[in-house]
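Sending over a structure as structure tokens; questions will come in a sec.
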Amino acid sequence: MARAVTTQRKAFNTLLAWGIGLGIFFPILWTILTSFKTEGQAIADPPLFLMFDWTLENYAVVQERSDYMKFLTNSVVIAGGSTLLGILIAIPAAWSMAFVPSKRTKDILLWMLSTKMLPAVGVLYPIYLLFIELGILDTRTGLVVVLMLINLPIIVWMLYTYFREIPSEILEAARMDGASLKSEILYVLTPMAIPGIASTILLNFILAWNEAFWTLNLTAAKAAPLTAFIASYSSPEGLFYAKLSAASTMAIAPILILGWFSQKQLVRGLTFGAVK
Amino acid sequence: MATQHSRSAARFMMAPAVVLLLGWMLVPLTMTLYFSFKKYLPLRGGDLGWVGFDNYVRFVSSSSFWPSVQTTLVIVGGVLAITLVLGTLLALLLDQPMWGQGIVRILVIAPFFVMPTVSALIWKNMFMDPNYGLFSYLWEFFGAEPIQWMSQASLTSIVIIVSWQWLPFATLILLTAIQSLDSEQLEASEMDGATTIKRFWHIILPHLSRAMTVVLLIQTIFLLSIFAEIFVTTGGAFGSKTLTYLIFQRVLESQNVGLGSAGGVYAIILANIVAIFLMRIVGKNLDK
Amino acid sequence: MGRIVLNQVAKSFGDTQVIPPLDLAIEDGEFTVFVGPSGCGKSTLLRLIAGLEDITSGHIDIDGVDATNLKPADRKLAMVFQSYALYPHMTVRKNIAFPLKMAGLSAEETNRRVQAAADVLSLTDYLDRRPGQLSGGQRQRVAIGRAIVREPSAFLFDEPLSNLDAALRVGMRLEISELHKRLATTMIYVTHDQVEAMTMADKIVVLQKGLIEQVGSPLELYRSPRNRFVAGFIGSPKMNFIEGAEAAKHNAHCIGVRPEHLEASATEGQWKGVVGVSEHLGSDTFLHVHETGLAPSLTVRASGEFDLAYGDTIYLNPRADSIHRFDAEGVSLGTEQPA
């Protein structure tokens, strides 16, 4: 709404919004601050905000206890692999739904989404058995496949909503120009949908990164990602606040940084393409 | 509108996604159904034969069953209510002119990036711990007795933690929807003499209905299966056991796969009831 | 080459038949315009020829080859879309070169043809811009450029000018006609604007509800419309229709007189009425005449400036050889030949 507002009103809005914003962000800020304290300072009464002796000691301890880089690599490979694999499978499917819609298109789309509602625990044991049978328990491959499958409906849905915004005349023009289906998707559709595809990749990377049911239950030592890294701090180490904070910061930092650098795509992606 | 060529191409292109998801749904589902009719204890003898509907009866008659269904619904419903109401208010505020809007938006969406295990651990230990948590300092500062969050108010605690994680999502979707509202419509209603509150009820809120549907759908999908938040906070104790968690305990902790599988079938039925209900709303709203 | 023959071509979407079986031959080098009100099936017909839609029954022959089941790309046709359908992520050069790239032409040949097309369409200075940086008219030219580099056997235009403003439209109309004269390639042009049809076409196909109402040259359609629909649709301002006793005098259910075939006079004439709104265009004046007892309103075209004011009495004389007669079904009975 482009209209003049009094400075007072704007100041009030600013104050209120910043207050609430900082309140929502506070747990994260507090964790980051605490990670630089000593254990004693972390539980000091009254709590210390900035006036403490900053130390990196906790990070060293956490790294010594468990090899951060190994978990980080697993997280990157699993989240990245499952997202890219999902995109490759979803682009053709979303193309079909967006540009060759039939009476059943909507039903198929809703059915795909409904598979996401199947409770994971309901099928945990069968999957566990299948994984043992296939020899992919505690492997990155296994997790890439599972996370790809659980996020596939969301990826298809997001791409479908982005593709629908592309006028079908342009694809028809490509067809008239002699483009094969492959060229049509590769040279015309995909480049035009890059912003939407980027948002989809980002959001699903985050969802896969944060996924904590399958990653906790299907991994042990080898393929464990950061969710498992942090779960080992649940108790009783959880009471060592400074170390817990350091480990937490290490687990969320990559995504926070990624999020800040790609804010625009993320905001777009966070709406799952459903709201313009 | 398309040709035969493109229609057959479309079927071909959709096949991988459909086949994969169909397999992902049917294979484990069939296995779960199979186990649910067996007495199956992997660590105590393995497959001990068919037992008919025994597991189903035992699962429902267990004293934990109905409370777990109730807990599930309370958590899903509570989080949905909180995020929708607060999300709408916050979105209305963020839509107002202010300084540093971009930064506030980043601050508000940040919790979405935090993995559930981390947020549960932070909240449980650093905020809700009855001895050293920040909340206990706060309560003591005002002269009140600190709350034993995890034991006395376990459900409330979990709802707070999960709401904190999902509020950014609701806010952002609703904010995007508010920003897409045609300002001429609001101006016209102002000319017609509608008050701020009336404008909210009659123009803004109906405009948000589609966005709210999306929030409802996506959040329900994710909330029905929350796991990590309970796993690392209460571990299912103090009445915070959801259906998901109950089944998890049966399968992994008591190693009773038959019983857990029967529970899984119940959970699938529950999810389907919710799904049908949701899909009706969403299906209607998706056409707009 | 570019002779397109439709043989009993029909199209249904589900149970709705949008185009009943029709026959049509478009000769090589002809500029054919499909014209009709929106929803008459003219765009669908074009898309059937292009191969973007399947025909439900019948055959389409292009240059003597049965093209019914050929893919769009294999029909050697080029299409210019209403929205231009340019590839927004490619430069003008790449847009124009795209069909050549798809055909696997060498880089040199591609360059040569793109350059030639750019020269013809005066796009040389814009080759490295993106479509988003161009004006509507320039985008239209790029779309045409993309079509001509393929050297197709026929061009298909789907309402290409409807997104342009009035002044540009006149200019582009001329450019397309010019292009047709120069290339002498078959062109099929879809529009709802009868002025475009009249000014550009060698042959006009008037469609209504999927049916061909009449096929003919612009002047044939103007002089001898086959029915009331064509008579009303072709010509601007519209033909006046008069039913009842006056029509019966001419042995018809209804008679039609074009505004330019009515002579206005302040003093005497066959029909008497009252002047309503007058539209002064300078070269012409359109008078809307009421209270004639013949029709609610008659439109008269008087040349030059005509000074009768609102409410004045006016007399009208129809030109005897230009009274179109129609029967109760709206079928033309021809004009009355003066004895």
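Residue numbering begins at 1 within each chain, and the chains themselves are lettered A, B and C in the order written.
Heads up, the rule we're going with is that contacts are C-beta pairs under 8 Å (C-beta built on N, C-alpha and C of every residue); 3 or more make two chains touch, one makes a residue touch a chain.
The structure displayed is predicted, hence computed values, not measured ones.
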{"item": "Pair sharing more residue contacts (C-beta pairs) when A-C is set against A-B", "value": "A-B"}
{"item": "Centre-most chain [mean C-alpha coordinates]", "value": "A"}
{"item": "Farthest-lying chain, centroid of Cα atoms versus that of chain B", "value": "C"}
{"item": "Distance between the centres, which are taken as Cα means, of chain C and chain A, whole angstrom", "value": "54"}
{"item": "Distance from chain B to chain A - Cα centre to Cα centre, in angstrom", "value": "16"}
{"item": "Interface hub residues of chain B, defined as touching at least two other chains", "value": "2"}
{"item": "Touching two or more other chains - residues of chain C", "value": "52, 71"}
{"item": "Per-residue multi-chain contacts in chain A, two or more chains", "value": "none"}
{"item": "Contacting residues of chain C [partner chain B, same complex]", "value": "13, 51-54, 71"}
{"item": "In the complex with chain C, residue positions of chain A that touch it", "value": "167, 169-170, 172-180, 183, 187-188, 191-192, 194"}
{"item": "Contact set on chain B toward chain C in their complex", "value": "1-5"}
{"item": "Of all residues in chain B, those that touch chain A in their complex", "value": "2, 6-7, 9-11, 13-14, 16-18, 20-21, 24-25, 27-29, 31-32, 35, 90, 93-119, 121-127, 129, 132, 134, 137, 141, 164, 167-169, 172-173, 176-177, 180, 183, 186, 210-211, 214, 217-218, 220-221, 224-225, 227-228, 231-232, 243-245, 247-248, 251-252, 257, 260-261, 263-265, 267-268, 270-272, 274-275, 279, 282-283, 286-287"}
{"item": "Complex contacts: residues of chain C adjacent to chain A", "value": "50, 52, 71-73, 77-79, 81-83, 85-89, 98-99, 102-103, 146, 150"}
